[in-house]
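As structure tokens, here come the structures.
Two complexes are shown next, each including subunit A; its partner changes from subunit B in the first to subunit C in the second.
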Partner chain A sequence: MRGILSLAVITFKEGIRNRSLFGIALLALFLFGLNITVAGFFMRDIGKVTVDMNLSALSVAGLLLVFFVGVNLMAKDIDRKTIHLVLSKPISRIEYIWGKYLGILFFVFVSLAILLALSSATVFFLHGSYPDYFGQFTWSVFFVAAFFVFVKIALLVSIVVFFSSITTNSFITLIFSVCAFIVGSTIEEVLFYLRSSFAAKELAISDSLRHLLEIVSYLVPNLSVFDFKTEAAHGLAIGLDRLGFSLAYAAVYITVLLLLASLIFRRREFN
Partner chain B sequence: MGRLLLLITLLLSLGAHIFVSRQVWDTRAEARRSGEAAYVLPSRFSRILALGYQGLFSDYLFLKTLTFYGERQMLQKPLSEDDWHYLVTSLDVVTDLDPYFFDPYIFAEGTMAWEGKIAEANKLLEKGWRYRDFDWRIPYFIGFNYFYFLQDYEKGGNYIMEAAKLSGSPRFLPTLAARLTYYGGKSETAILFLKGMLADTEDPSFRATLEIRLLALERAAELEKMIERFKDDHGRSPNQVEELVARGYIDVLPIDPYGGQWILLKSGRVFSTSKFTTARKKE
Partner chain C sequence: MNLISFNNVCKTYDPGLFKKKIQAVNDLSFDLQQGEVFGLIGPNGAGKSTAIRMLLGLIRPDSGTIFYKGRPLREGSIQQDIGYLPENPYLYDHLNLLELLTFCGRSSGLDADAISERGTALMTRLNLLEAQKRPLRTFSKGMLQRAGICFALLHDPSIVILDEPMSGLDPIGRKMVFDLVMELKGEGKTIFFCSHILNDVERLCDRIGLMNRGGLVRLFARADFPQNDGNTVILHVAPLSAPQRHDLQALGGRLRQEEGEMLLAVAEDCYHPVNRYLEQQGVAVLGGRSEWVSLEELFMGIIKEQEA
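Take a look at the complex of A and B:
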């Protein structure tokens, strides 16, 4: 257990030192600035546009953190063979996987928390500038949606860890993780479209393909589950059951992936 | 020698770059001006391609539509059938991406409804009402369209009554519904409505459009008032608006800001040959 924690701390420190962090922070700042500029172009729903842009900026920054910093933190050890050094310490391979995961997670959490503080300042400023145009906006739903951006990123981190445990190259990990992200964010729309009556009229899809897609929907994470941007933008109430199930979905999915990664990693040979 | 050559080539290529990029931007500006309205990706694709950023995508698409409309207004170019088709489909996709987004609905009401696309505007607003069932303004808009454009006073009254039931609706709505049924289809009605919309609008170019329309309607309402007085005095309506000047009710006829001629409809409503739109004037 102490092994996991110390490895997590080291990973976190390594992440914070990464230069690309500045780039990601600059991009997020640029998006927040853009938001202040663009908000005035809209007619009535300025609050919605503000929340949309802020949460999207947070989410994009999170994705960049995972894909550029996270992949590096995980795969670099294997790429550069420094993993031999780490594994020569009294740390089991399973501890290595969980420690790395927690380290990256903590790193993403701290970075996103800083960005969320900046983002809240932007929303606060625009809220003050256009008090009549924020409709039903509520801070609580906004923060819930921001928290679920973090949950989504936490799930993506586990995907990165999983793919790093089976590939030998950080680039392949990156490609696989990006693909998983794209499939994960589109699977719900695709499936619901195929189930809808429109599709029945327009497309001839064989039953076997339909079954395959149903199976795929269990394999890839459905990232739309963590998307509360619309609710936050319009201040709509979110049922507690939806929040609970979303959180449980993420927890179970992450656990399964990390367990699989541990299993694979335990038997893996390094050369 | 080598360095000098490099520097000279660099300067020359920089000059060429500035020249070429200016040309490119000019040709793009020309292409955008003369080009037909763009194709809108159907929502069943754009919802998927948005990769979970449907809200942001709807903001962008709406801004694009707004710019398209604004550009046509600035160049005083009437919208062709294709342009209208683009506008209608684009707003439909925007509201498919985020059906709770209020701006497309208010924009549709301010443009489409007034330019004769009433059925399309109502269809979009009905979609808005399915989602924004807490918002009194949407049934209020639909009700107005039935009243003012379609002269269906019963349906219009029903929608405004529905609007009055929702929280946050102004206290005058029930009375308004009653008054509208009485005055149905007169300019006064539209003035009340436009003032409500202006109070809700921030965007300067859209405000300008609404303000011109308000001015035209206020002048029409002024004439309608004179016609009422004429009726009281003479027991009949004037044959033409010009008769008001001849009989000394008014010194000169006000100018229609859209550049049309005033006409007196049988219903007693004053209208203009411009039909209060810039688009048709050009045809």
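Take a look at the complex of A and C:
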């Protein structure tokens, strides 16, 4: 346990001092500022656009943090052979995987928490400026949606750790992780289409392809279950069963990925 | 007692599809005794670093066994007792040395006081105290090497593995590390040392293993290098007749023919009789030298022999 904690601490420090962080934070601030500037153009939809833009900015910042800083925090260790030094200490390989995961997660969460505070200030300012157009808006749903952006990022971090454990190069880890994200973000829509009456009329979609996509849908992370932007934008209530399912889905997926990563990592050789 | 034993260890690397496998270590066998300084030398690609990585558990032997304290090496069984410095230590760019040492100490089970005490002592010893709060990315190559040594030694390991510890160090840094290794030796630590700087290996090591093409070619003991005794005079003398050779050997001199020259090694206690004999016989002393046979000469000779 002490190995996990000490590794998580140095991973967090290494991440939070990375200069890319400033660029990502600036981009998010730009999006929040843009939101304030252009909000007036949307008339009655100001509330919806504000919430949607803020949650999207958080999500984009989270993705950039994971892909441009998080990937390097583990894959570079292997790339540059820093792992030789780390594993020469009494830290098991399983502790290494969990320590790295917790460190990257903590770094992303702290960064996103700061951005969420700024995002909330933006929403608060626009809410105060245009109170008539935020009719259905509730802070609780907004924060629930923001929390699930965190959960989605936590799952992506586990994907990065998993791919880092099987590849030897940080660039390959990045490519695999981005692919997993793209597939995970779109799989729900693909399945929705396949099950619709429109797809049944398509000759090009064979049964085998349909079955293959069904199987793939169980393997890749379905990231749409963490998307509550529409509910937050329209101020719709979210059922506890949906929240519970999304949380449980993330917990199971993250645990399985980290266990697999640990198993692979234990067998791996570091030349 | 053998602390570590390599028993017929083999390791082959698979560089990937359609590429020929590389035999990195081939039937490697040697022992490390408790408290000795063991040097492993050999040309690039001889398998020295592979041997170290197998000992650390970073890679596994294809066949053969590594024993630690008489038991087969298992994952994590040696880490608490080991301090390791790799050839080019890549440390975390955005951390400072103090944070790196805190990580090292915490993961090794030291408390905050012990980390602070040991860390300060090591940083002072290696002249890094003033740089302790600077990010490691601003360190020079030599400073990184010394930082790596602090990282390896913080938890006071009983076995120290140093892979090219003098690499990138200036003469002052080399002296600092040399003295530190001598001090560790004095404390009874077991030191496993890999270096291309043969002069350092010769001065520091009790035993030296020469590796080539993945195997151990020769093991030298300290006694194989008489100049290490510190009180032997080595003379370059004029050609000797057979009776003269016989007489000099009887008086305690050691003779060696090297590239047409005759070398005579005389220990302090038999210097005067040998000197008298040389004067009586009119044998000219052409000069003196500091080494009886240098490790470099042995190294080159054996490698050439192997390549032939």
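Note that in this section the second predicted complex is superposed on the first by the 268 of 271 C-alpha atoms of A that agree within 3 Å, B and C clash if a C-alpha of one lies under 4 Å from a C-alpha of the other, contacts with A are read in each partner's own complex, and residues count from 1 in each chain.
Going forward, a contact is a pair of C-beta atoms (placed from the backbone, for glycine too) under 8 Å apart; a residue touches a chain by one contact, two chains touch by 3 or more.
Nothing here was measured: the structure is a model prediction, and the numbers come from that model.
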| item | value |
| --- | --- |
| Subunit B versus subunit C as contact partner of A:81, first or second or both or neither | second |
| Contacts of A:233 with subunit B and subunit C, given as first, second, both or neither | first |
| Touched partner set for A:190, first subunit B, second subunit C, both or neither | first |
| Residues of subunit B that touch subunit A when the two form their complex | 44, 47-49, 51-56, 58-59, 62-63, 66, 98, 100-103, 106-107, 134, 200-203, 206 |
| Subunit A to subunit B touching residues, read off their complex | 38, 40-46, 48-49, 51-53, 55-56, 59, 130, 133, 135-136, 182, 185-186, 189-190, 193, 198, 223-224, 227, 229-230, 233-234, 236 |
| Subunit A-touching residues of subunit C, taken from the complex the two chains share | 13, 53, 56-60, 75-76, 79-80, 82-84, 86, 89-95, 99-100, 102-104, 106-109, 135, 148, 151-152, 155 |
| Parts of subunit A lying in touch with subunit C, wherever the complex brings them together | 2-3, 5-7, 9-10, 13-14, 17-18, 80-82, 84-85, 87-93, 266, 269-271 |
